[in-house]
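Structure, as structure tokens:
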């Protein structure tokens, strides 16, 4: 049993079958990549996992509980964090504040009124956020306006914010899209480090094969809404179906 | 001290000192001089500054922090006023139960409206709140004042009549709101030379309440809750994917600001026991939006400044007439005097709207951050003139 | 520390106090010097003119303001003296009031109760006004009247036509020169009977607020007494700008008379719409369709243009009245401002003179003294003919004019012609009339403030 | 039955004004992303174009007629319009009579000019600013514009009658054998509005200019990347939107006499119309305009007000609430427009 079990998930948009009978099992504490050409349904699948979309058929179980019908914040509170393709951070807030918010969220749940307490007096939160900033190598940027940082820093901040919640499953949606090679490598190293040092499962959607093969322990190939193969990276590399899907797409 | 950092504490102290000494500050000109026209230190206007300040502070908690632009906040002010006057009618002229009920009623009303309106965001939210407020206004103006069921007394405004129950109204008490015997309209006038200063009981009640709620708003701004609200304004997607539910946060902010509005409405009724339906009209809601933007959205002190600015124009400029102009410029030769009066004439008295409109445009064009930014620029300018080498002393914005 | 209600800034004007010039509170001298709110102690007395200067009634307010300024001139002995020459009371000498020069301050009511009270308060608290005059709506009149009662100054309402102002909301410190809805009904009824017969079917469109309701009630009562049948009464929202959806149902209602209980912009639009729909060209039940506008004003007539031709209504005063007071007033006003005065202007002018005269006769500015001097005071020469301020409710009783939109106006000002001058006796009612609050309505006691 | 049709007609008529103003508002939202609180004022300026022209045409020279007296008893001043002396009394009178339709000719250039000045002089600087700032500046502008009009024309409504030929009523039911009298000018107004709306849609649909603008409304950045100067076109769109509002105002003048605050009266309603229609949707704006107009008319019938007292006062807002709660983005709104 994996920590995330996707069974027979289907989703239609009008006449388009975006997902059909997707089955997927992500093993705990592994790095699992989902790859596939454009339009293969990767993002739709991801949105079904985090509550943004509700699949028409099938089930999605996280740690033995169904996530279907729950809103994004509930799913997040179950232990799934998501990193977006373009970094989603609180641009108008300082870096430190960005980091404190997930700390509050994991300590206090989806809503709690702390309307008169000065947030700087919340010692445990401040310490946790600062520690995470140090981990992310951003301690010197703590007073910066989050929007004024570089894209790579924003990405790191976003990943840090997700980690601050101590999620059990981290979902990454093309985390290196649009990045320069150096930034991409930095991100790969960061993710490797995270996966090595922490008790965490990572599911990553990507079409940069370099990233995929540097990180993944298990790969699912998606094409036209259905999984083609699920196997270890070595087996995927030479798999004829995968070649066909990618090359056929390219041709 | 008080759980505030140094800047906030300074700001609070400055506001406290300014409000407590407002009777002096707002009456800078001798009572008999020509410039006395610009004195604003009479009880009614000072009360209005404070009351609309409270209204705007509350509005800013919603708009400034979460970015949700409500176009119907005047409805809560109106509900508060009606609740307060009903307390006067039923119980007694004591302001404490009146203000209490005003806050509670406005709170309940805002839970109701907020719960429905916050299902949408952006301009859809604005229009929903506008629609609720306009409905409240229309009903209060006519339907709810029919002879069979007179809740609001319509156009005339709800007021206390001789035959109202007033079950706790003591013998020998005056027919005016009071705080355990201190009447809201009692004024002590102090004459110092040619100057004259009014110390009004009602004003000081408002002032103390305002300092308290201003302090509360600083605490809210600096609290984790305040940060969550700013986070909602900044990025709602990230908010929900961080496991936080935006809806109760925004609803809480909406209700808090609705209660501020109710408090303002209750105080208005306490200073002047009459509640008119116009208080709920969209123009009144629009006014608090303008006050907040004009002063500086999302800043602590901005809304108060904006409220003061607009109320000053409404009450001072509208009262300047040609006669007064002629008095001012009497020193000029006749022809020039008439010419000057002719030039200024369109902007004063009945033209005060024109002046206000122009001021809106000038402020928003040249001071994108509102009056607060103006203050900061002046502050910087003075600093840079004062000691240009002191680069370490950065002024934190009065946010 | 001693407490006093409302400020007495005027105290300062006494040289003795100002001479002190030290930071010692002069509150004790102030206390003993002031017997009532804003007692004038200097060489001048300040009146407060509270009229709409912004909003839809700004022009109405401007006319009132012009008239009030004219009155101040006349009181101070400037200009041609105006109605001081024709006023039956000769107490005024043209040297101000009680020897004090008359000054005035102005404020903007915005035709909102709140704003009106704010500006009235500022005139009382800041400028030391002893009397507030003017206004153009009943809601504002009642609101400001209540304020003046609390503050202890005299209030004289401007244009306010609802019964409530001197009915259930009457106040000891408040006075109304203008006529009211009941009087409109009483004055119109005989003329309507004469011109339209006793078997009409009336359809009422009524502005949905206090004034509209009292007018509808009054007109329905007096027309039904004639034998008319009321087909329907429909309330229209104050904010309406287009009345087509209210006019269209009239076409098939079987009504042959439309009564528009509207004022200002509402009336202009509803009448324009009614004429657009061809109501005046219709023949119903064998009778020519007629429209009645119970309360007319010159500005409404100007706004409605040619649509008012033949439409009947009532007015408090019209400049075409040929009595001595009226002729004198029209001459003074017309020569100064180049146009004849409106009826609300006349009311405001008359009230300033009446107030001043009452002060002279009472020998004081004390509102209680002034009120006493005004009560049951009979006079003539201010334009309305013989008039009496009734003691029981502070309402003026005088002739009411029934007017009609002129068929062939020769200029912009004679768009209305006087059909009938209904004598005061015919419009007089008991002070405890049920439409005026019945027996419950009382003036209360006069409040002098301090 | 005929009462029913009459209310539909009334609704269409009210709806035309709402639709025209809302159409312009939506164009400005959609193209420039600006919340224009001064749009009501543009409608008002349009109406005052009609007032001005009719006053202009009635400019007169004065002769003194000793045989008649004015109200002060002085000899009467007789005014004869210049137009009548230039073109002869009959043609002159006809020109004055037709002043409202003629003012369309005046209004088009005036409104385009006003639109261009507004956009280039003021609105342009507010594209990148927050909506709050846009609201404040355009609200300020609206106040200034209406106060200027008040200064010159007064606060009282000014009667601006239609040509005599278009006064009166026509029996629209004559062909079907029943009575359905309806005012001629209101029929004209509805037809005129329908024409303007059709014109705007045709312009956007069938011209390249319109195509670019529509593309720009959908995705401004991409169109900008194509090397098209979208800003210039948007400026022109602003002028067109101003012109539409102005024309709505010109033709509205004979229906209800214009006053200086008529723009504010329509402003809030037209915002509700735009939002109910769905932000950024032109057909939505038109549809919502007519729908709310018709509902408003039906809500004011005796039947409706006796069933639900006060319904005529709140109907528009009630409908707005229901629509927005059941359809999150109004009737035809697109996702993501003005939702931050």
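A, B, C and D label the chains in the order they appear, each numbered from 1.
Convention: a residue touches a chain if its C-beta (ideal position, glycine included) is under 8 Å from a C-beta of that chain, and two chains touch if they have at least 3 such contacts.
What you see is a predicted model, and the numbers here were worked out from it, not measured in a lab.
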Ordered by label, the neighbours common to chain A and chain B are none
Comparing B-D with B-C, the busier interface by C-beta pairs is B-C
I'd like to verify one number: the distance from the centre of chain B to the centre of chain C, where each centre is the average of its C-alpha atoms, in whole angstrom. 33
Distance from chain D to chain C - Cα centre to Cα centre, in angstrom: 36
Distance from chain C to chain A - Cα centre to Cα centre, in angstrom: 74
In chain D, what residues contact two or more other chains? 313
Multi-chain contact sites of chain C, meaning residues that touch two or more partners: 58, 208, 235, 237, 239
Touching at least two other chains at once: which residues of chain B meet that condition? 138, 141-142, 353
Chains grouped in pairs wherever the two touch, ordered by label: A-B, B-C, B-D, C-D
Chain D-facing residues of chain B, complex: 63, 67, 69, 116, 119-124, 127-128, 130-132, 134-135, 138-139, 141-143, 146, 282, 286, 289-290, 293-294, 297, 346, 351, 353-354, 356-361, 363-365, 368
Enumerate the contact residues on chain B facing chain A in the complex. 3-5, 216, 219-220, 222-228, 230-231, 233-235, 237-246, 248-249, 252, 256
Flag every residue of chain C that touches chain B in the complex, lowest number first. 1-9, 11-13, 17-18, 20-23, 25-27, 30, 53-54, 58, 61-62, 69, 104-108, 112-115, 117-119, 121-123, 125-126, 137-139, 142-143, 146-147, 150-151, 164, 169, 208-211, 235, 237-239, 440, 442, 444
What residues of chain B sit close enough to touch chain C in their complex? 31-32, 39, 42-45, 48, 138, 141-142, 145, 154-157, 159, 162-163, 175-176, 183, 185-194, 196, 198, 201, 272, 274, 276, 278-279, 314-315, 318-319, 321, 323, 349-350, 352-353
Quick check on the complex: what are the chain A residues that touch chain B? 50, 71-74, 76-77, 81-82, 84, 88-93, 97, 100-102, 104-106, 109-111, 113-122, 125, 161, 165
